[in-house]
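Paired with subunit B in one complex and with subunit C in the other, subunit A is shared by the two complexes that follow.
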Partner chain A sequence: MTLTHATEATATTDAPSRRAQAFRPGVGGWIGRAVLWAAVAWLVLVFPLGRPGFEVQIYATAVCYGMVALSLNVLLGYVGQISLGHQAFVGIGAFTSAYMMTVQGQSFWVGVVVAALVGGGQALILGGTSLRITGLYFALVTLSYGLVAEQNVFQIQELTGGGQGQPAPKPDLFDTDWRYYYLCLGFLALVLYVDRRLMKSKGGRALLALRENPRVAATFGVNVRIATLFAFVVSGAIAGLAGALIASNDTFVSPEVWNFQLALVFVIMTVVGGLRSRAGAVIGGAFFALLPFLITKIPLLLRDVWGVRSVFNVIAEAWNWGSRKLPNELTPELAPLVLGPLLLLLTLTKTPGGIGQQIRPIQRWMFGKKFDLHDHGPKEVQITDVRA
Partner chain B sequence: MTETTTTDEGGVPDIPARPPSRGFLEERRDLALGLGLALAIVVVIVATGEKQALVIGTISGAAYGLVAIGLVLIYKSSGVFNFAQGEFGTVALFALYLLHFHVPYGIAVIGALVVALLMGLLVERLIIRPLFTAPRVILLVATAGVALLTIGIELWFGGTLGKNVNRALPELNRMTIFGLQISDQRLLLIGTLAVLALLLGLFFSRTNLGLAIIGASQEPTATELVGISVRRLSSFTWAMSAVLGGLAAILAVPETGSFTPGVMTSSYLIPAFTAAVLGGMTSLPGAFLGGVLIGVIQSIATSGAVFDDIPGTPSTLLVFIVLVLVLVIRPQGLLGKKA
Partner chain C sequence: MSVLDAQGLSIRFGGVQANRDVSMKIGEWEIVGVIGPNGAGKTTLFNLITGFYAPDSGRVRLKGVDVTDLPVHERAAMGLGRTFQNVGLVKGATVRENLVTAQHLQADYATVSGMFGIGGSRAVERELRAKADALLDVLGLGDLRDTQVAGLPYGTLKRVEIATVLATDPEVLLLDEPSSGMGPEEAHQLGDTLLDLRRTFGLSIAMIEHHVPLVVRVCDYVYCLDFGELLVEGLPDDVRRHPQVVAAYLGEDPEPEVVAMEAAPESLVENESSGSGS
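Moving on to the complex of A and B:
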């Protein structure tokens, strides 16, 4: 996840960061950093090799959700516009790719490119017609658009293959779960790189200025509407790409999953992950994708690996006892719906920067900076700056 | 966007600069526009012989209007788009469902409304108050989170199967008005809405409390300065609109058969929001009129042969188009005032 440089977006040449660059870690410091890097690399690259295929498929979904979170981060984090209909962009991307492969007989790569183009195109049309609409009203329009996708677009028989869904095969070279997982990682790295380069470009800096104060940005020659539209198109294209990858990961796309609840989960995972923090967004997305899996597996997994019987048995028994008392068990599918909003409300009221803010000191340290527990990044990382 | 302010408390879409004060005539012109539009739709419907659609639409629109009034109340008092408004209704339905096995229906309805009221107070206390000074978009995300949490808990405890709740009026009586069959519960719904709209209109123009709420929405600081607690008013408004949401659900949903978790959010929230936007987002009569218009548009989309080619549910698409058109062409809505 942290393969590429993650939070260097705000590397302006202000005094504190120059002081930080002058710092050189000692030998022990380098070893410590190398160990942590190796641990992260092991977790992301090596660990899935020893796991069963269905589990690796979940990890690949986590990588794709990380991409979705990055896509929303462009919109919500960089421009301060909220999309409550992002499931439409991801879902249409998934169906486009599946349609290109199954009905049109094209290759996976064509499907992925077309899905990204369709995602960007949708954003261009939706953003182009509703450019004047910002803030709360934009959220309303996107929510309504998500509903249109759910109830109109996903009902088109040709596109979705009717009620039974559309098959989406994996590409030839990456036909096993493990290989496909690495393909998804590659795409994630690509998206991270593009995101980073974009934010370094003139357009990216215009976006940051625009988010801080649109009027000041306009005074300095930023075309506010074009910049906003640009961010929306980038966000839509990334969402379409993620959708295409999710489609082939499941080898099958069904219309029912792209509902309004999913759109809210997407927003929640981005906010909990941390706005304007690439690493945070990816971790947030991956966490929410893994949540249904984790909630069933964690007590068992830890018991198997370390033999920690006592503590986790107690928890597992308490859980079982609890579920006997309840009318229904908290099923894995429901876990994000119940736990997600709780995490969101906790994030909003306690740590506005989300996971990204919390891990920032470690992240800086890993890139050779001095460890500073109170380094929560520049002030503008705070989510409370998102403008209505 | 460039030429107007984007301060946090606004939330109104950016509108090209217009004269700040609007005269008496212009005020009336808006009303005339709204009524003219309504009349045009009536004429079209009568001409195409879709009379049943008009009546059905008006009545289902009444439910949208009731939810929309709750949305407008909260928007007026705290400047928040309350995405949990639909769930106030679903929670009331669940409470009604659980209660009506044990107690008489009337008491169960009161119990359900009390549950909705408590939920409104709880949301205000736990979510809105800690974020009182936060930007409005954050509050929007928070209320959407509340909606999702409520749906999750409903699915957890209630399962995905539909549940049946009795109608308020036990025996189904159909009345014939203008040659159309209307069930009595639907008449009750539209009657309730009309009475409530009237009472709310009087409340906001005649009573001290109503005026205080309007004042707090326009100038919170000044309202505090004259000795009114803005926070207490906020609790009151949230409780009030939660009860309205609950009432809308109790009256409208049993008529359409069984209900599932999240029913008010999935099928009432967006039409109600569109109705509120159509009415100007700050106007109570506007929300009422908008609700009826949206209801009629939806019911034409369902019955009109022209829309058969649209896949899925044509009314969703139509509501979306209306929403975008209103926001692009006339962001202040039919009866809205520029604050």
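Moving on to the complex of A and C:
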């Protein structure tokens, strides 16, 4: 019966009547949208100008973490494979760039390009050998790769100063914290553009098809293994690029930071940010990068500037008390690892699409669609996606 | 010459001989039916031809080329398309996106130029969308193009799936139960559609089908499988009446007196009435 109805509907419904239903916002609607766009632009572009340099450096890190989340989103969101060794890709990118600049005397730009190439190359070799297996077992391979990098690659004398660390200067044109922040934003914009084009071309569509059903993708003529490997290489290249940017942002790369905890934070921030949502991934990455900073800053602001003493303050004071009593046990740097799993739990049980799914109605509204709280777009994330 | 020629295919899964020495041919412009009770190995046969399984023995020739050792996507590139029993579509995408995805091999640009939106990839993308829309209009599904696949009723999904597999530009089409989820009326219309498509696109089709009137109407030749083996092959009407086929569907021994009865329901009724009389 459905078929008969469908055929009748085709006969009676013509194109103009369908177009007439399309929503056009009024003048007020456009002003509202413009105000929100301006607010976002102000927060991203203008607000950091008035902040001290050390803070802007944290914001630049947040931008780079956004890139890392996008990199993991390619693998975890589009292909459905999980990497627990992404800190190695980012870390090796950072060291490669630092090595090119400090030891080889090359420019920052050469360092960035080589870091991205090395990131892609690593993924090609690791994926080429191990992507015969997928899912949990591939996660284990990447996990051990991350540990190998931590124990061995980051101890190489030439590359990392033998565990001492490697200086990584900023480029001449972008030598202040503020200018460098905008440079990072520029690279983020590039990554966002590439990601968008990828998903609007055959490569990205093949990835989405094979994530849902590799057999169907194969009958469409997709070489499933090569396509998965391709996604891994793209992910690795973006991670390497982000690593190079983080290196010059800190002006020094130390081997200790690229540990397994960081890999966990990367995965958590991508899932909490929202799989298959570019905006969600960037917000998730930025949020987790800013978390240690926010966790100390916000309660102080509440108490000292506005005189508010909330539950939040009490928690923060308990936290500070804890960090005084137990040094190296509960520091703000651990906030992502404490709050991260809680947020992950909340995401998996309540909103599998993470922040991306939550903000999608606003996003669509900002792009001139009608506001519909329940419209999460055609690609709503299912809980099964996250299980990997 | 037959466009698809499967010779002596056998495959065993553990203790189950899923296919034993099964041979099947599809002639050019032919519609071939594959029938048989549940678990007869029909879908296994299709999976062997598509390349999901490697046969223990036997060869598959596509357009005269031995493809037995080729992977699935290379057989697809040679013009072999197939649909799935449980609907082979990307459920998270819209109907049109599915058709565009299916045109993977016709998207004539490098994946990397697609990533940067260069090398004419945008123009090719427009062509792909236009072709998808044209195909949907041909199949009367134009209204559904922006609908997400996941919410559609089963019968419609089967039609969308046929549109999608047509978008892969196949020469040989394997359809796995195309009429499942459809009522008799819809199934009749599906028959018209298949005959139309064969004419329009020059297709050779093999289909697994349980709907006997549809098989009899559109098929030129029918194979009947049972317990993984080829039971009977021949013209639709002959196969339908063949005593072994009737027996296979009824699950009885092919004894002469049962065989003599033409249609299954009558034989059941007669048995019943004779039982009550005695």
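Here is the rule we use: the second predicted complex is superposed on the first by the 332 of 388 C-alpha atoms of A that agree within 3 Å, B and C clash if a C-alpha of one lies under 4 Å from a C-alpha of the other, contacts with A are read in each partner's own complex, and residues count from 1 in each chain.
Quick note on the criterion: contacts are C-beta pairs under 8 Å (C-beta built on N, C-alpha and C of every residue); 3 or more make two chains touch, one makes a residue touch a chain.
Bear in mind that the values here come from a model prediction, so they are computed numbers and not experimental data.
Once the two complexes are laid over each other on the shared chain, residue contacts for A:A244 go to neither subunit B nor subunit C. By the document's definition of touching, neither partner reaches A:V191: not subunit B, not subunit C.
Once the two complexes are overlaid on the shared chain, A:V224 sits against subunit B and subunit C alike. When the two complexes are overlaid on their common chain A, residue A:N152 makes contact with subunit B while staying clear of subunit C. Contacts of A:F260 after superposition on the shared chain: subunit B is touched, whereas subunit C is not.
In the overlay built on the shared chain, the residue A:R215 is in contact with subunit B and with subunit C.
Which of subunit B and subunit C touches more residues of subunit A is settled by the count: it is B.
By the document's definition of touching, of the two partners only subunit B reaches A:L342; subunit C does not.
In the superposed pair of complexes, A:G203 makes contact with subunit C only, with no contact to subunit B. Shared interface residues of subunit A, touching subunit B in one complex and subunit C in the other, are 215, 218, 224. Residues 1-2, 5-6, 8-11, 13-14, 81, 83, 126-127, 130-131, 134-138, 140-142, 144-149, 151-153, 155-157, 159, 262, 265-266, 270, 273-274, 277, 310-314, 316-317, 319-320, 323-324, 327-328, 331 of subunit B are the ones that touch subunit A when the two sit in their complex. Within the complex formed with subunit C, the subunit A residues making contact are 1-4, 6-7, 9-10, 13, 193-194, 197-198, 200-206, 208-209, 212-213, 215-216, 218-224, 230, 234, 378-380. Subunit A contributes residues 80, 82, 84, 129-137, 139-141, 143-145, 147-148, 150-157, 214-215, 218, 224-225, 228, 260-261, 264-265, 267-268, 271, 326-328, 330-331, 334, 336-338, 340-342, 344-345, 348-349, 383-388 to its touches with subunit B in the complex.
Contact residues of subunit C toward subunit A in the complex are 50-52, 71-73, 76-77, 81-82, 84, 88-94, 97, 100-102, 104-105, 107, 109, 111-112, 114-117, 121, 125, 137, 140-144, 148, 153, 155-156, 159, 165, 168, 182-183, 185-186, 189-190.
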